[in-house]
C-alpha cells in the first residue's frame, strides 16, 4: 500500500468539467488512478473521460461511493468545495488551489481536523505514488523525476520538487510516494502529520523533506523524530537559507517573522534530531545513501 | 498587503478603537501647519512600511512650529523615501502594553498575543523572554467571545475600568482582524493614559493578498513598493523583490527561485532582483525580461523546471523577449520540465547555450557577472 | 414577533431576494390607486397575522380599478380587523416551491425545509407526506455554505439557471434568518416564473422576542395584537392571551397558568384571558387586575405557587388592586409558595377566602362563573 | 450518588456578586452544596458568603478546581458565560437565565454537545437533590414540595413543578433528584438525555415528567422507554392539553406548530411506551403508586 492514494482508492473530482479538471483527470486515469465520479453544478449527465458528472458531491457519492476528492476549484470556492466533500464523509481531499484566503485556510484545516479527515494543499501539485496512482498535476511522464522507488518525499514546493527529486533519481533512487503539502502559510496537512503513514509504509525506506524558510513544519518533523514517532532516515533540503529577513520570498508561507522560521533554526533542529540536511540539491542523493547505509550498519550491529 | 500606520489607524478608529488625534502631511510646510493644529508637543511619524521606525529616527517629538517644519523637512529629505508624515498629538502615558491578533497555522486558529510590556519588538521578546507573551487562541467560527478578551485583560494585570476598556478594545480589534481578512492586526504600543484611557499608539494591519478581491478599495499603490519595477511587477501579478546586486533572476517556481537565490549567494554572487514567472505567469517572459532589464543587470539567469508551466512555451517567450528587447547582458538559461526537448531547440536557435543543471547554471552566471564587474571596473579605470 | 407580509418582503428585498412589485394601501381608495399604479390584473392581500389567508378570502385577484375599490372596501369592512392591504402585481407562474429556515432544537442546528410543492401548508404536508419535505441542516457557526444551497436546489429537481437562482436566493434567506434573529424565515410559495425568474410569492419572518433588544427598530405596534388588552400587556412585559370566555386568569408561572386553563376547560368553564404575572412581574398585581377587568370577567381566578415570586408580595399587590380597582366580580385566590402564611393573612384581611388546592380553586371559579351566567341571563330576561 | 449534583461536587458561581447570585449562593450552601469559588469580572478579591471571587473562570479554577458552574448571568451574556465555563473544562453547567436569544441557545447546546458537557436550562429553577445539594433557585424550605425521597422529577416548568411535586409528596413520596430542563424552545439538555442517569441512580425508583405542549421532548422520553434505555416506571403530567392551536402559551417552547407538539400526540406516545399519564396534578401520586406496585408485581412474578 502506498501513502494516501493507491489504485483501489475511489476518487471523485470536483470541478471536473473545467480545463484543468478534465486535463488532469485524464492524466490521473492514465497513471492508474480510479476516478469514479466528477462534480460540476449544473453539468449532471455529462461524461468527462468516461467519468459521469453530478451536480453535487452528495448526489455523486449516492451513486458512486468515493474515498477521496480531488479539487480543481478556484481558490475562493475551495472552502465550500472542501466542506462539501467533508460533509459527504470523504476523508482524503487534495486541493491544488493557489490563493486560498488565509482565514478560509484556517477554517478548512480546523474542519478537517475535527472530522478526522486529511486535506492536502492548497498551493500544491498534489500527491503521487509513481506507477500506482496520482491526485493532482504531476508530469509523471518525466521519468527522470517520477521514477518509482523506495524514497518518500514531502514538499512545500512544486518546481523545486522536480529539481530535488531529479537529483534523488540521478543518484539511483526512486520515489515511493510524494506528498506536496503546499506552499501556503496554513496548509491543510503538515509534514509531521504524514510521518506516521510513511513510518508504517513498507514501500518507503527513507523520507526526503523539501522545506523552506517560514513556519515551523520542519521543526515539527524534528520533534517527531526525537519522539520516535518517525524512525526512518530523513534527508532534508531547505530553500531560503540566504533569504533576507522580513521579505516574503516566493510562497506565501515562506517568510521569516521575528526569529521564527529561519532555515538556520530548522537545520539545527533537524540535525539535532538525527536528520541529514543537504546544502544543495545535488547533495541529497549522496546524503540519502549515507543515511540508508548508516541505518544498515546500525541494523547489522544490533 | 501591509497598510501604512495612518490607514491602519483609520480602520481602527472606525471600529471604535481610540487613536490619537492626528493629521496627515505630504510636505514640511503641511507638517508645520498640521502640528500647529494638533498642538505642541506633538509627534511626527514617517509613514513608511518598515519596522523599528523609532530606532531609525523616523519618529520625532517636536515642540514648536519651527521645529516641526525643520524635522519634517529632514525626514522628507532623508534616505527612507518618506512620502507622508502623520502628525499626532503626544499622549500622556501611564504605561504601554502590546496587543495583536494573528494566525496559528498548526492549531488552525487565530491567536491573540499580548504582553504587559508594550513598545518592545515582539519577536525580540519572543526570543528573549517567551514566557512574557500571553497567548489566547480563538476559533474563527466561534469568534473572540468577550470572556476571552477579559482573560487577556486581567492576565495583563489590568484592573477596574482599564481592564474593561482593554477587553472591549480587543473585541474591536477582532472585528478589524476578521472584517479585513488580516494576517496581522497589531497595536504596539497600546497606551494606557494618565487620564485612565486606552489609545492605540501605533497600528499595523496586514491584509491577506488572497482576500484582496473582497476588500473593496484596497489596492496597493506605488508607495507600498520599494522600486518602480516592484510596483509594475505587482500590477502584473508577477512575484518580484528588489535587490541591488548583479544577477537578475528570471525563474519559474517560488521554491526553485528561492534556491537559486541561495546558490548565488553561496557562490559569492549577488542578486539584482528576484522574479518568478512560473505558475499563471509562464507566458509572460517578455514582460519578465523587461522588468529584469530595468535593473541593468550584468547577467540574466533563467532557471525553470516546470510542469504546467511548459518549458517550450517559456522558451518561446524568451526567444521573443530577446528579439524584442535585445538585452546587452549575457543570458544563462537552464530550462527543464514538460516540453523541454522543444525548448532546448528553440533556445539554441535564439543563440543561447541551454544548461541542464541548476548549480552549473548558477556558477556560470556568477562567473559571468564577476567578469563583467572586472570588465566594468577596468572600463571605468580606462575612461 | 411575527412580521406582516409586507415587512417581511421589505427585509427580503433588501437582502437581494426578488419580490413582486407592490404598494401598500390603508383604505379602499388608496388600494384602487395602488392597483392602477401596479397594473391589472393585480392581487389585494390583507396584511393580517394569520395563516390560510387564501382560504379565508383575504387574498383576491382584481382586474379593474372598480373591482379593486370594491374588493378592498369589503376586505377592510370584514371581520378580520384588516388595517392594510398589499397591492401586488400578478406574476405569471410556471411552478411553485416551498422554502423556509427554522431551528431544530434536538440537533441544535438551523434547518432548511424545502418542498417541490409550493403553496401547501407545510404542517399539513408534514403530516400527510413527510417524505416530500427536504431537510438540510446548518450549523450556526458554519453558516449556510453555498454547497448546501445547491444541495437543496438540485434536490428540488431544479436545473440550469433556475437551480442557481434558487440556491443564491436561499443563501440570501439565510442571511435574513441570521441577521434578524429569526425563529422562522419562510417563502411559501416561491414562484418560478414563466420568464425563468424566481420571486417570493409570500413572506413570513418571525423574530425571536428574546433578541428584539438587538433588532433596531422592531417594536410590535397595536396591529400585532388581537386586542387592546393584549397590546397593553405586551407593553408591560406581561404574558397575555385574549379569549372570550368568563373567567380571567391572573396566575403566576407559565406552566401553572397553562394547567389552570386546561382544568377550567375540563370543568366546562371558559377563559376570558390568560395572564401570567409571575417571574419578573410578580409585583405587578394591580396592573394585572386592571388588564383582567377590561374583559368584564364573571370571575377572576388567582393561582400561584411561587419561589422567587413571593406569595406575600403578590398578596400585598392583590390587596392593593382590590382597594384601588374595586372589582365587582368575585375573586378566587389560591396562593402558595414562599411567604404563603403571611399571604393568607393578608388575603383574609382583604375579604378573600384563600384556597390551597388548585383543582378546588378551579371548580369554585367555574361554579361562580356558571352562577353569574345564570344570574345574568335571568337579569337579561327580566329587563 | 444523586443525579447531576451532590455534596462533593465543587461548584463555581458565575455572577456571584449580583443580587440573585449572592442570595441563592447562600441558599445553595445552606442546603449542603460545596460552593468553591465565584466569578464576577472586576470583583476579584471579594468574598460572598465566604466564597472567594475571581475576575474570570480561568483564574478561579486555577486556584479552586470546579466540577460544575452555576450561572446567575443575564440572558444576553449567558452564551459568553457558558462558553467560558466550557473552555475551563467544566462539564456541568446550570443557567437560570430567562430570555436567552434563540440563536444563542442553539450555539450553547451545540457547544455543550461537542464538548461532552451538559448545560441545564435556561429558563429553569435549576437542579436539586433535596437534602444533599442544589444548583439554582429552589425554595427547599417548602418541605411539602422538596421532601427527600425516591422519585426523580424532570420538568420544563417552575411553579407547575411546585404544584405537581407537592401532590407527589402529599401521596407519601419524596424527591430524589429534580432536574428543571427549562421552558425554552431549545433547552441545553433534553429530558431523554437525563434518563440514563436516572436509570443508573439507585436512589431513584421512578421518574415523574412534568411536560407541556410544544417540541418533542416527551416523545423522546417515550422513545427511550421503547428502546429500553430507560426501564423504571414513568408518570407524566402534561400541561396545555386544551391549549388553542397556534397560540404560544406561557413558555416560549410551549406552542403547537403544525401537527407537532400536541399534548394528545405526546400522551399517545407515552402511553404506547408504557408510561402513565395523569390528567390532573392530583392524580400523579396515585399513578406513581400504581406504577411502582405494577413493577413490584412484575418483579415478584419473575
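Read from first to last, the chains carry the letters A, B, C and D; within each, the first residue is number 1.
Keep in mind that, in the parts below, contacts are C-beta pairs under 8 Å (C-beta built on N, C-alpha and C of every residue); 3 or more make two chains touch, one makes a residue touch a chain.
Model, not experiment: these values are computed from the prediction.
Interface comparison, A-B versus B-D: the higher number of contacting C-beta pairs is recorded for A-B.
The distance from the centre of chain B to the centre of chain D, each centre being the mean of the chain's C-alpha atoms, comes to 57 Å.
Chain A and chain D have Cα centroids separated by 51 Å.
Distance from the chain A centre to the chain B centre is 28 Å, each centre being the mean of its Cα atoms. In chain B, 141-142 are the positions where the chain touches two or more neighbouring chains simultaneously.
Annotation for chain D: no residues touch 2 or more other chains.
The touch graph of the protein chains shown belongs to none of the named shapes.
Working note: touching chain pairs come out as A-B, A-C, B-C, B-D, C-D. Only residues 142, 145-148, 150-151, 154, 159-160, 163-164 of chain C touch chain A when the two sit together in their complex.
Against chain B, in their complex, chain D makes its touches with residues 41-42, 44, 55-59, 77, 79-81, 83-84, 87.
Against chain D, in their complex, chain C makes its touches with residues 51, 103, 105-106, 108-110, 121-124, 126-127, 139-141, 178, 181, 183, 208-211, 213-214, 239, 241, 243, 252-259, 261-263, 265-266, 274, 276, 278-280, 304-309, 336-338, 357-359.
Residue ranges of chain B in contact with chain C, taken from their complex: 141-142. Note for the complex: chain D touches chain C at residues 75-76, 98-103, 106-107, 109-110, 113, 125, 137-139, 141-142, 155-163, 166, 183, 185-187, 190, 210, 212-213, 215-216, 220, 239-244, 246-247, 249-254, 257-260, 279-282.
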